[in-house]
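Let me give you the structure first, and then I'll get to my questions.
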Amino acid sequence: MLAFFTIAPTGADDHLSDYVAQMLDLIDKSGLDYQFGPMGTTVEGEWDEVMDLIARCHKLMAGQAARVGTTIKIDDHVGRSGRLAGKMQSVEKKLGRELRK
Amino acid sequence: MLAFFTIAPTGADDHLSDYVAQMLDLIDKSGLDYQFGPMGTTVEGEWDEVMDLIARCHKLMAGQAARVGTTIKIDDHVGRSGRLAGKMQSVEKKLGRELRK
Amino acid sequence: MLAFFTIAPTGADDHLSDYVAQMLDLIDKSGLDYQFGPMGTTVEGEWDEVMDLIARCHKLMAGQAARVGTTIKIDDHVGRSGRLAGKMQSVEKKLGRELRK
Amino acid sequence: MLAFFTIAPTGADDHLSDYVAQMLDLIDKSGLDYQFGPMGTTVEGEWDEVMDLIARCHKLMAGQAARVGTTIKIDDHVGRSGRLAGKMQSVEKKLGRELRK
């Protein structure tokens, strides 16, 4: 499945990029395939491994901030994998050109 | 923490209320405090118990549909509980009147 | 259509209920059918009237905070109305009992 | 502001990439800066121009499907622009390396 997620402290000052960098370190070391974007990170894997990673990211933040807002958006296409790149290639093929990523 | 979530099959026909009813049965039996709404359900509890419940709901759906879309929105205010009712009472107090729920 | 939305300042201190109360005043005066919940507000109406209301709420906040995070989740069932109450009654009917709202 | 959004028919069969391709054509012609990802598209612009584009995408879909689900996640940092690339460069700088996009 694919999971797009964001985790941010509520009430923190503006320097969110410090927190994001800490989480990306966890994500990078998880071994899961991922894609980092301006509004969130998308990871690919089975439910348990993806949700375990998101739990570790959330708890890292909740250990440093009094209040944390987390959103998760999941697309679970049973039996399919390799979709992190595959979904985009499928649309690019239909359009007949490459898209900015 | 509070978690608002929706789980729906992608590509199913229109009878989503059958699926919703099955999930509400799981939610109701979980023992967690919850509130059912027209666009999703909000549950209150600790990370592990809330995410375990959402995992069971998601897997129930993924066992019946080829593709499942799930969204989760979490507000984790460390050390606070009783917020399912409390957040609304706080706003109603400021407004000086009751709001439709 | 139904639209569930939340609007919150990023980097504000904890007193979000002041902001929420200001927005509920706008929502209440809009004349649209709505339901207030612990994790967001659901309004019912046509695209243009719903999005105009959400724009006014967002701009109210952006006039007071340097950074604003807004999420909107829309369920547009073409030709249907009265769904704010109707979706829940349909599920309650299947379950054979009333649910906490 | 940055807006991440997804628009999908509820109850359609699996060929979502046809719909996505139609919307990307609208997005591409809008002249707004955007980034296409496996779980949604991020556009950058002022509230009115971004929401006008999302409205046109939603209505394109609602003209072809009986039921449409749309989610929008906005990060409005007043007075800032060029954030589509800038947010990621800021995190990469902190980490001291490039991330997969």
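Worth a mention:
The chains carry the letters A, B, C and D, assigned in the order they are written, with residues numbered from 1 in each.
Note that a residue touches a chain if its C-beta (ideal position, glycine included) is under 8 Å from a C-beta of that chain, and two chains touch if they have at least 3 such contacts.
Please read these numbers as outputs of a predicted model, since none were measured by experiment.
Two chain pairs, A-C and C-D, are compared here, and C-D has more C-beta pairs in contact (counted per touch definition above).
Interface chain A/chain B: over half of the residue numbers present appear on both copies, so the contact uses mostly the same residues. Centroid to centroid, with C-alpha atoms defining each point, chain A and chain D lie 16 Å apart. Computed from the mean C-alpha positions, the centre of chain C lies at a distance of 21 Å from the centre of chain D.
One simple way to say how far apart two chains are is to compare their mean CA positions; for chain A and chain C this gives 26 Å. Residues of chain D in contact with two or more other chains: 10, 66-67, 69, 71, 73, 75. Within the complex formed with chain A, the residues of chain B that make contact are 10, 47-48, 51, 55, 58-59, 62, 65-79.
For chain D in complex with chain B, the touching residues are 8, 10-14, 16, 66-67, 69, 71. Here chain B touches chain C in the complex through residues 2, 4, 6, 17-18, 20-21, 24-25, 28, 34-40, 42, 71, 73, 75, 83-85, 87-88, 90-91, 94-95, 99-101, going by the rule given at the top.
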